Amino acid sequence: MKTGKKVAVLAAAAAVALSLAGCSNGGGGGAAEESGSGDGDITIALVSKGFQHQFWQAVKQGAEQRAEELGVTVTFDGPAAETEIDGQLQMLQAAIDKKPDAIGFAALDPEACIPLYESAESAGIPIVEFDAGCSSEYGQSIAKTDSMGAGALAADHMAELIGGKGEVAIVGHSQINSTGVERRDGFIEQMEAEYPDIEIVDTQYGDGDHLKSADIAKTMIQAHPDLKGIYGTNEGSAIGVVNAVGELGLEPGELTVVGFDSGKAQIDAITNGIMAGAITQNPIGIGEEVVQAAYDIINGETPEEVIDTGYYWFDKDNMDDEEIAAVLYE
Amino acid sequence: MNATPVTEQSTRPGVTPPEKQGTALSFLRAKLQQSLAFGTLIVLVIFFSIASNNFFSWSNISSILLATAVIGILALGTTFVIITGGIDLSIGTGMTLAAVMTGIFLVNMELPLIVGVLGGLATGALMGLINGLNIAVLKLPPFIATLAMMMIAQGLALVISGVRPIYFSGVEGFKTIALGTLIPGLPNAVLILFLLAIVAYLLLSKTIFGRYTFAIGSNEEATRLSGVNTRKWLITVYTVAGLFTGFAGVVIAARLDSAQPQIGVGYELQAIAAVIIGGTSLLGGRGSIMGTVIGALIMSVLINGLRIMSIQTEWQNVVVGVVILIAVFTDTLRQRRSIT
Amino acid sequence: MSTQLLKVSGISKSFPGVQALQDVQFELNRGEVLTLVGENGAGKSSLMKILSGIYAKDAGSIVFEGTEVDIDSPKTAQELGISIIHQEMNLMPHLSVAQNIYIGREPRTAGFVNERRLNRQTTELLKRLGITLNPRQTVGELTVAKQQMVEIAKALSFDAKVLIMDEPTSALTDSETETLFALIAALKQNGTGIIYISHRMEELRRIADRVTVLRDGRYIGSLDKGEIDIPTVIEMMVGRHIEEGARPEAREHADDDVVLKVEGLGTRYLLRDINFELRRGEILGFAGLMGAGRTEVARAIIGADPSEGGTIHVQGKKVRIGQPADAVAHGIGYLSEDRKQLGLLLERDVNTNILLASLKDYTGPLGFMRTGKGKQKSKGYVESLRIKTPSINSVTKNLSGGNQQKVVIAKWLARDCDILIFDEPTRGIDVGAKEEIYRLLNELVAQGKSIIMISSELPEVLRLSHRIVVMAGGRITGILDNEDASQAKIMDYATNVADEKE
């Protein structure tokens, strides 16, 4: 019965969407960004985990690019900090109230969002997800990085760089949200499974704050004189480790730093050898795919349930490769 | 049937505090909170030195001092505000805005280093001035006025930076403001913290500005009736706090070699915590710069030590919270004793 | 003649809804003490605030040393040489004596406050004034009386030509009052004009060169030294005749029920072995010197301070009182001497204050207030206690001291308290309103309530109390029937152990 209802809703949504799309074409196919009068445009509301981080800015960029190609309007909203679960839910509620054609959502908390998914369902608004999903079954597709796999890839490179044995530590950015947890766990599990001679001596969290992460990394280096490497699970954490290395005056390579995400500072650190390399996701791709998935649903098609947007190891050697350069952002 | 002697002799039984004789005792009591804080600091250092071999080394101490710099500078400025009985919640994001503006001046506008730094300081002072005007002239409660400023600064930092970090890599010498070593082995950020602490100490203890800061916190109306322009001085207090915020902004930008527009929220609470641990009363009228410096050091020694011992991040917060409770509790205990 | 220092005429001032002053006048000569009297709300404080630049006058002229002046701020007043000692404490408790006295006028060297010179200056000033205080001591640690001396020293440090003192002796001991009077005499010698506001008629007789009386914001008249006669002054103040020296009717109390019985009560630092009984329909007065422990007894009984040992029986039953809420549950209400701080929510309306202790009675099962019923009750008390207020919705702050006291009484009556402990029930209340309170206390006991009345004013104790408990050094030194009591006798008991104690 549930499925039947879902189909009916989808069909209705698609019908509406098609007629609206027709209108907009008739209007001369102007740029979707300029939705002054608005009627006739398809609107997709994206509620992200944040917007201050470079990562989310890149997602936004990808979403806007694809929206322009498809001739739809996207709105992009997100709380000021990735701890503001409640604020994010309010934004989701506001998005539902505005009755867009579809919603794209990246959940800060997988449980808290369930009731709102139900109200979106009864309002007939389809939801697609990106980066991190909600535990509700109503979410119809998710575009994200396989964070466990990405963490494992970081572990492989760390192990290779330090020669398969020694002490390493993790500067995490969150012990709560799924990317933070999975990037950490993917790393730890891979180490335990494949590299018995490597010991993870400490894991601490700096909330992605550069300053806090730097102070944490410095204490780690202090506490563990034999430390071979530190893994930073996001941009802020990784740059914190880089700053710590700089402040302690360590020679490049004395401590192996593996990072996550890109951004100018990480790219610089890799160029000058302080950071060995980093895992990059494809945030632009995430943005593009989530908009595409929403668009597909509106048009009655069924996108894949999980769209893996991919992750890559990048270092000094492959940074300028076309494939890598395309997913890096400053 | 004339005079009634009892009438005039017996006054206010009960509530009259028994008089404390001599200055020595009162001096001691004034120093109690400070010496308690100082004692706590020493005990912490000894404890962590025993608990971990890696704690007591010059390079770790230098790390602790550097980690104290930003919060410490914020705490210095906010000590003045708290002594007046006010509060400044805008110092965290205000610091971020000052950092971003420094970036705009130095990177986008390519102004000379000194001009850009002064611009960053001025940004902080300007925010403080606006806080002061809102509080002293428009009579907004400090909590509300600075809460609003906290949000405004956060928003402006994001808007002005275009939600992107500003990197100072092209600005010659900027990073040395925080990480250079005029004194070998000691990062300049620490030097700045100590110099500012000395300035703050002189301001608070030796100038009429400091005197009126205490007076306003002790009894604002009485101060006003004494012919002191309390409005002007209150504005000055918040402006000074803003100026220190500006210093913190420049220092954090120099240390990270970039202005990160998304950080800053929560720094104000850490700074306020440092001030309170240092024995400054949230009710106003009482406090010291020495106490604030010690309070900030206690916070960073505690966090550093717990990290060195690989205590989980979650538990670190619990411990810091408990320390704040103990600090405030000893303070109220002291207050209670001085009343009865 | 050039002896005239200040001439004030035609002063009017109104606040929203109130005409505080209307066409008020007075004169002050050099080397003269002008005593300004009037009931609370007569306009004395408003007048003084106009003179010291805190309020702006609506109309009238102030001629100072022959020229008309415009006093627009406290600073202007200070510069002219008009200083005021406020009735409420206006000190910074966290600052030292010297820092308080010279606030706003700190000696400076190269931008820094010269603390040493500040302290030396203060030492000199205090020496000149004959006040023994340590300039470096923190004011908050001083007794109220010494704080008052700091205020006086501060006002005098301006080399004031006109010095306004608003009830300066209300917190001073005898010897401190003597010091103050000696100071006033010295200041008169120097040609300072003093405006002295007081409720104490003895003081008026002692130091006044002239008395000016205000009533309801209007000038009633002035009396020169030779004409000053207390009954006349009081009549001018209240507009009717007041009887003095009255005593309560002797009553046979031995048969009445004991409503409160205290045995062996003590506290850690002060009280020792307190025993007494309170009977139904009785006013039991508590007399004693400052620090004798009268307020402490009240606070220990109601559980505001921890007691050590002792038992309390209420209506014959032994009770345990650990906190004020327990006392209230047993029908004991305590009316603090400090109404403003401890007895009232000054910013709230009369209705809220009256119902505060008995809100539960006006609350429905779901926690909603039955406002109608409560208001009815409040109105009833406003009428029966003759509380002068525009309505029960008026803010309590705006009521006079006497009427505020009545609001506190109404609060406890609404709570069905049978035992009421009044701590200094008429402190800060003017003569006319005192009579009202006295009448009210008598009415209450006539209705079967029982009252403990702590008072520092012996005539008041003698006038109202059926029996009088005298305390000294934390002990009860005597319990007298009114018929046997006299001021001299009470003093005897009150000084009984004072010698060994201090």
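In order of appearance the chains are A, B and C, and numbering begins at 1 in each one.
Definition applied: a residue touches a chain if its C-beta (ideal position, glycine included) is under 8 Å from a C-beta of that chain, and two chains touch if they have at least 3 such contacts.
On a predicted model such as this, the values are computed, not experimentally measured, just so you know.
J.: Comparing B-C against A-B, which pair counts more contacting C-beta pairs?
T.: More C-beta contacts join the chains of B-C.
J.: Which chain has its Cα centroid closest to the overall Cα centroid?
T.: If we average C-alpha coordinates per chain, B lands closest to the whole-structure average.
J.: What is the distance in Å between the mean C-alpha positions of subunit A and subunit C?
T.: Here subunit A and subunit C have centroids separated by 70 Å.
J.: Could you please state the distance in Å, as a whole number, between where the Cα atoms of subunit A are centred and where those of subunit B are centred?
T.: Taking the mean C-alpha position of each chain, the two centres sit 36 Å apart.
J.: Averaged over CA atoms, how far is the centre of subunit B from the centre of subunit C? Could you give it in whole Å?
T.: 41
J.: Would you mind writing out the residues of subunit C in touch with subunit B in their complex?
T.: It comes out as residues 54, 73-75, 78, 86, 89-95, 99, 103-104, 106, 108, 111-113, 115, 134, 136-138, 140-146, 154, 169-174, 177, 200, 202, 245, 287-296, 299, 337-338, 454, 456-459, 487, 490-491, 494.
J.: Which residues, counting only subunit A, touch subunit B once they are in their complex?
T.: It comes out as residues 50-54, 57, 80-81, 175, 201-202, 204-205, 209-211, 214-216, 218-220, 222-225, 236, 239, 243, 246-248, 263-265, 268.
J.: Please name which positions on subunit B make contact with subunit C in the complex.
T.: Residues 1-20, 22-23, 26, 30, 202, 206-208, 210-212, 214-215, 217-219, 221-228, 285-286, 338.
J.: Mind pulling up the subunit B residues that touch subunit A in the complex?
T.: 52, 54-55, 57, 59-60, 63, 66-67, 70, 154, 158, 163-165, 167, 169, 179, 187, 252, 255-258, 260-263, 265, 303-304, 307-310, 312-314
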